[in-house]
Amino acid sequence: MSAQLLLVECPDRRGLVHGVTGLLLRQGCNVISNHEFVDHETARFFMRTEFTGEADADQIRRDTLAMLPQPATVRLSSLAPRRVAVLCSREHHCLADLVVRHAFGEINAHILAVASNYADLGEFVGKFGLPFHAISHDDISRDEHEQRLLEAILPYDPEYLVLAKYMRILSPQFVNRFPSRIINIHHSFLPAFAGAKPYHQAFRRGVKIIGATAHFVTEGLDQGPIIVQEVLPVDHTHGPQDLAQAGREVEKLALARALKLVFEDRVFLCENRTVIFD
Amino acid sequence: MSAQLLLVECPDRRGLVHGVTGLLLRQGCNVISNHEFVDHETARFFMRTEFTGEADADQIRRDTLAMLPQPATVRLSSLAPRRVAVLCSREHHCLADLVVRHAFGEINAHILAVASNYADLGEFVGKFGLPFHAISHDDISRDEHEQRLLEAILPYDPEYLVLAKYMRILSPQFVNRFPSRIINIHHSFLPAFAGAKPYHQAFRRGVKIIGATAHFVTEGLDQGPIIVQEVLPVDHTHGPQDLAQAGREVEKLALARALKLVFEDRVFLCENRTVIFD
Amino acid sequence: MSAQLLLVECPDRRGLVHGVTGLLLRQGCNVISNHEFVDHETARFFMRTEFTGEADADQIRRDTLAMLPQPATVRLSSLAPRRVAVLCSREHHCLADLVVRHAFGEINAHILAVASNYADLGEFVGKFGLPFHAISHDDISRDEHEQRLLEAILPYDPEYLVLAKYMRILSPQFVNRFPSRIINIHHSFLPAFAGAKPYHQAFRRGVKIIGATAHFVTEGLDQGPIIVQEVLPVDHTHGPQDLAQAGREVEKLALARALKLVFEDRVFLCENRTVIFD
Amino acid sequence: MSAQLLLVECPDRRGLVHGVTGLLLRQGCNVISNHEFVDHETARFFMRTEFTGEADADQIRRDTLAMLPQPATVRLSSLAPRRVAVLCSREHHCLADLVVRHAFGEINAHILAVASNYADLGEFVGKFGLPFHAISHDDISRDEHEQRLLEAILPYDPEYLVLAKYMRILSPQFVNRFPSRIINIHHSFLPAFAGAKPYHQAFRRGVKIIGATAHFVTEGLDQGPIIVQEVLPVDHTHGPQDLAQAGREVEKLALARALKLVFEDRVFLCENRTVIFD
């Protein structure tokens, strides 16, 4: 009888915590921990309740949904490892960190496969016995490339896609197949330095801090809800290459923290923001 | 009809959140925010509930207490500014930060008076119209000195004492008059460098980080529950004086953050640890 | 015979360190510490040398200049306290921090006067015996207002102007009177959120970090060379007001660190970047 | 004609920078960058000079040594990758980080072999084609175990030993074979929590920060010169296991930063402290 999660969001109303916890008690469940938040901007209520008990999970989900003001969303989670596909390009740092954490059971996920528009990282991925699909974008259209990507990854039926420095822009059609289920790591701080050669931009601007942002992918490039932001200090002795290395270090940290939060069902979306019960 | 806080701690038991929120609802109150935590080490339950409503506060307190497993503690707070006395010695940094925040309404407290074993900071305190009591420890016993301190500060009836770099050790008798109501800021990290000349110790040890710890005072010197710890990086170019300056900066930050948390009723004690609902 | 600084910048060339240190030795001076940096982007050499000795400072300056490739800049500094005027508006946090550090001798500067477009902070400044000039911008043109500001501050003959949350944009004419001698603190990270209501922008973007940038003022608004950047973590529970409070804390830190560096002659300009010998 | 390093330490004396740079100039060398530091506690001078030129390296070393006040140390380094052996036990995090950085050329080192008192990590190490020596400590004395370790690693002729969570105490005899050439990563902050079960100690103390210290190993356990210290914030929701996970993350960061500094010849020893030219 391991713990389960009840994940609720709905319009705020008086008595929600009392109501949901009462429903669980009547089902013979025991609440282990509970987090709630009301976003005042949207008057929306969020709740993450960890509970144990032998009750019928689907019954709890339906009963909870029925008692909430609408529109509401209710999910039940057993915290089973997430089914994840990873996209990457040529940079190894985020992918390697993810694969090693996976190999030692440090993230709550099964990496099903890795796909890339370059073959470079195939050897590394292969060491860990994971399928690797090299799908070049040369000489084909973006649509065609995305089509081939989908053919490679859809058979694994992934819940989440992780873009571990995947350096191509995904079309809205592709993104919309995985709504709020694609996680990206972005060089430098959003919304600053959003274009090309960000570390050269950052160098010329003389920044004293390098950051990285892990976020959900939405149709707008690099505009999705932020999950984690991390920074490292830099100084005048750092040229563009050094800034890029600092960027790699901080990207690795930010993505790992974001995936931990998402894969433990700690992240809710609230408009273009995230509510995180950490 | 401004918000109030219900602050609960008791042994953990099934249904506590449901029970307490139900009691508030039946009194016609509206829960605005709610935080709970169960400490697994002690099986103790902590809850901080912000609510609005015209109910009789004392009735709520009594009814809540009656429904909880014992031993329980129930407090109601209107978040009225705390009545605070400050003790200091000769170093200005924490005292000045506190007095300036007070002057601009940045902390939820009324500073009633400042007492010191030196006269040095009287001029500064006087600029802000606060009473200052210089009570020298020269030529008198510790007991006698503490007696005179009490004579100076007790008439103000303070809820909290803040030790803003008060450099004398308080006797257990003195400490026990203000149980869990004295907040201290300690140079460097506890439990490291607990003795004299901590920055010379830190220099000789070649530390690369300087820290400060804000904590509640208990009978054991510098052993009380930690509220906030902060750090600053240092390097080999910092001599003992530079480390001390870094220490002052980080002490100021740590104490200010700790006082904000305590004065907003966000800090619970759990054995020698703190539970903080931030 | 206290220490002096020799501050050199010029095109890079073989033998510069050897040449400058040799010149000091021949004058009977003793080098205490030495920092150099070559910016590879511009092939420009920077050197900050602390030395003691009874030599004629002006002679050293002229001889050094004569031996360097041109265009070169040579300054000698005795690290005398800087003559500083402060501009502010209504927000107290940076001004108060600066005034208190000044009062306790924590910065290498004499604050000569404070001027503001509002009267609010006059009472605070007055407590510390500093002149305060309230110069309203109501009903007058920007030019006229700047003219009155100059009439108030020029008689003090300040070397540096510190904009401690001065919320008006200075004209290029005004800025050019104090080239690289005006230091500003900017809400949030440059270049992000450069416009109005930055904390509302940051809230809607769902940022997880709040930053502040201390920089020299140039003609381009908020585009001048960055001296210090600092950050604080925030989360979904922070509304725009909380973000603004976090912003105030981090602005205070960033400005204080920047002023320490500038007033100790540790900051060189290199195009739109800073070289900092810390 | 790639860059070389001249690394000097000796008693401080007037004219050292001038003298050393002059010697390089006379040999036709070009100084690219230069860092010096005088430790006032010991009156000892440290210098790291990067230069190019076709001169005879050994001649430079001997001439430099001859001109310095004694006792002096002069080293020349071509920044060739360091020859490194790694010791580990059962925890993977530091070892895996190091092996992956090595695989992608991110550290200036050749890992020659890994030895461990457990077999657990052999499979991981093997994926990367590195020799792995499992040398159990069961049923043999410490001396005997160290003897077998040495038999395994000495044939590789390593310059440095990295203790990547090697959980056995090394004897002074063993340590003295690699003076200032063994780098260790220590759980939590030195000197705090130096004994067993540090995360349980930290939990009961209610710490709000978890740290890690990378240091050179000397005869005194965990008392050697500190190279890097890093921290992560924690709170009351972190049990001992969570603190340990935070500890692993921060250990990984601290060790990686320390190895980068050491393997780029940026670290000098000064009594029990480090001077780091970063």
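Note that the chains are named A, B, C and D in the order they appear, and that numbering of residues resets to 1 at the start of each chain.
By definition in this document, a residue touches a chain if its C-beta (ideal position, glycine included) is under 8 Å from a C-beta of that chain, and two chains touch if they have at least 3 such contacts.
Because the structure is predicted, anything quoted here is derived from the model rather than measured.
Trainee: Consider the two chain pairs A-D and B-D; indicate the one with the greater count of contacting C-beta pairs.
Mentor: B-D
Trainee: Between chain A and chain D, what's the gap in Å when you average each chain's C-alpha atoms?
Mentor: 36
Trainee: How many angstrom lie between the centres of chain B and chain D, each centre taken as the mean Cα position?
Mentor: 40
Trainee: Give the residues of chain B that touch two or more other chains, as numbers and ranges in rising order.
Mentor: Residues 37, 237, 278 of chain B touch two or more partner chains.
Trainee: Could you draw the chains as nodes, link the ones that touch, and say if you get a line, ring, star, complete or other?
Mentor: Contact map by chain: complete.
Trainee: Any idea which chain B residues touch chain A in the complex?
Mentor: Answer in residue numbers: 14-15, 17-18, 21-22, 25, 30-38.
Trainee: If you look only at chain A, which of its residues touch chain C in the complex?
Mentor: It comes out as residues 37, 39-41, 189-193, 203-209, 211, 225-231, 235-237, 239, 270-276, 278.
Trainee: Help me check something: in the complex, which residues belonging to chain C touch chain B?
Mentor: Those in contact with chain B are residues 92-93, 96-97, 100, 103-104, 124, 127-128, 237, 278.
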